[in-house]
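Just dropping this structure here.
A, B, C and D are the chain letters, set down in written order, and residue numbers restart from 1 in every chain.
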Amino acid sequence: MEIKPYYRKLNYYETDQMQVVHHSNYPRIMEECRLDMMEQIGVSYDRLEELGIIIPVLEIHCYYRQSLKYNDEILVVPSLVKLTPVRFTVTYKFLDAKTGELKHTAESSHCFVNRDFKPMNLKKSFPEIYQAFETLKDET
Amino acid sequence: MEIKPYYRKLNYYETDQMQVVHHSNYPRIMEECRLDMMEQIGVSYDRLEELGIIIPVLEIHCYYRQSLKYNDEILVVPSLVKLTPVRFTVTYKFLDAKTGELKHTAESSHCFVNRDFKPMNLKKSFPEIYQAFETLKDET
Amino acid sequence: MEIKPYYRKLNYYETDQMQVVHHSNYPRIMEECRLDMMEQIGVSYDRLEELGIIIPVLEIHCYYRQSLKYNDEILVVPSLVKLTPVRFTVTYKFLDAKTGELKHTAESSHCFVNRDFKPMNLKKSFPEIYQAFETLKDET
Amino acid sequence: MEIKPYYRKLNYYETDQMQVVHHSNYPRIMEECRLDMMEQIGVSYDRLEELGIIIPVLEIHCYYRQSLKYNDEILVVPSLVKLTPVRFTVTYKFLDAKTGELKHTAESSHCFVNRDFKPMNLKKSFPEIYQAFETLKDET
């Protein structure tokens, strides 16, 4: 299936006195985009947590090319660039929603753990959910 | 016992493009101050949660008199102005740490609930913790 | 004109370890709703700041009736309940977007100031913008 | 001069429903630590902004090894690992303040720009401030 980019307007409270969106908000928007992507493949994160599948962040990498401002509208395009039974990596392109201009690129890596934060092999424990993730690998 | 005011420096990421600390950060500083006050009477909130005592917020009231800026230093003076076995109210004075000038006043109300968010009579369920709260009533 | 309620999904990063949306996020959602309301009457806040009209917060009052959770969808209904040439007050109803249930009520008061934070009489300085605000008074 | 590590207690509002500190708070703590380091060498960031020296973030890299929890106490050890007249890079070690255990490592890169966000050669424009940064390169 085709993944729709994540649309987002930047909020006033996300700016700082440099008159731009504070850089710590980008990982939050990446999370919004990533969970939206998962919802699009039928794997809503609140359902995962109910099943005991927790997905913490291992690494975050952000490359700020151009600043975002209050009321700017962006599209965030996610790609699942790596998937194994125990972890995955997503990249993000932040585009100006009006001009398509590239404002920011980013990457996040995650693993699957259970409620006690012990590593989980998703393919073995929840094969059908792992399969859903695999469709992302092909399509984005 | 005498409660020490809560010292705090304002962070850059707490500012917005109006060049002042965004108003949504004040409830966060109130929480820092309130939990610090509880720690001073030997009732650390992480211990309370372990015991199954949850303290949600019922109401918040904020009166912004003068803006705070990045790197400002403040002292927040808490007072337990009301305490019953099921709820309590704290008021807060935000003072400039250098001049003592009053910058902000606020109030928050809370109740005691168990892990299922059912109301709890703290005096009956945890009399010694209720007693600790009572010392605040007298002293602040 | 009729004001459309502000639609919002709650984000994962807005939760805390109490498993609910942290109370400090509500003033942020109130701001999103208020600025959206202003945009609906043709008074976008970024344009106001360009004109030198700054609108700080004077007071905030929040009444938390029921907790919000990650992925909950809400509608926030704003009402301009008071307007003078120098200040205004907005009330907010947070409704469950699916059931219409009332989850939270709130109120914020604001004044008009210039770039030096000096009080401004909006009716005198920018009569046509004041007029736009007046349509809110009648319609919400 | 010797740089003192940055001490920090983790706040309740920084947790999420995974019961740990949300990963988006780490870039904020990095900023607190970086600005504290600059203050220790007599280069307070609010003074820099007054002089028209703006220091935006170019890149952020975070490696989450172990989760932090509410009320945890940490020491963040910064190192200026790269400095040129137009940009610099800082690395951060997040240590458990009690055990010294390494919880997190991170890196941020920055450039110097003027108020119009045009690149600035700090060594040429403000040699004595550049010199202050150079002492960091030797000492941390």
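Here is the rule we go by: a contact is a pair of C-beta atoms (placed from the backbone, for glycine too) under 8 Å apart; a residue touches a chain by one contact, two chains touch by 3 or more.
Bear in mind that the values here come from a model prediction, so they are computed numbers and not experimental data.
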item	value
Pair sharing more residue contacts (C-beta pairs) when B-C is set against A-B	B-C
Relative to chain D, chain with the most remote C-alpha centre	C
Distance between chain centroids, defined by C-alpha means - chain A, chain B (Å)	34
Centre distance in Å when chain B and chain D are each reduced to the mean of their C-alpha atoms	28
Between chain B and chain C, centroid-to-centroid distance (C-alpha), Å	25
Touching two or more other chains - residue numbers and ranges from chain C	12-13, 17, 20, 24, 28, 31, 70
Chain-level touch network, classified as line, ring, star, complete or other	complete
Footprint of chain B on chain D - complex, ascending	11-13, 28, 31-32, 35, 44-46, 69-71
Contact set on chain A toward chain D in their complex	17-18, 20, 23-25, 27-28, 31, 49, 54, 56-64, 67, 117
Touch list for chain C against partner chain D, complex	12-13, 15-17, 19-20, 22, 24, 70
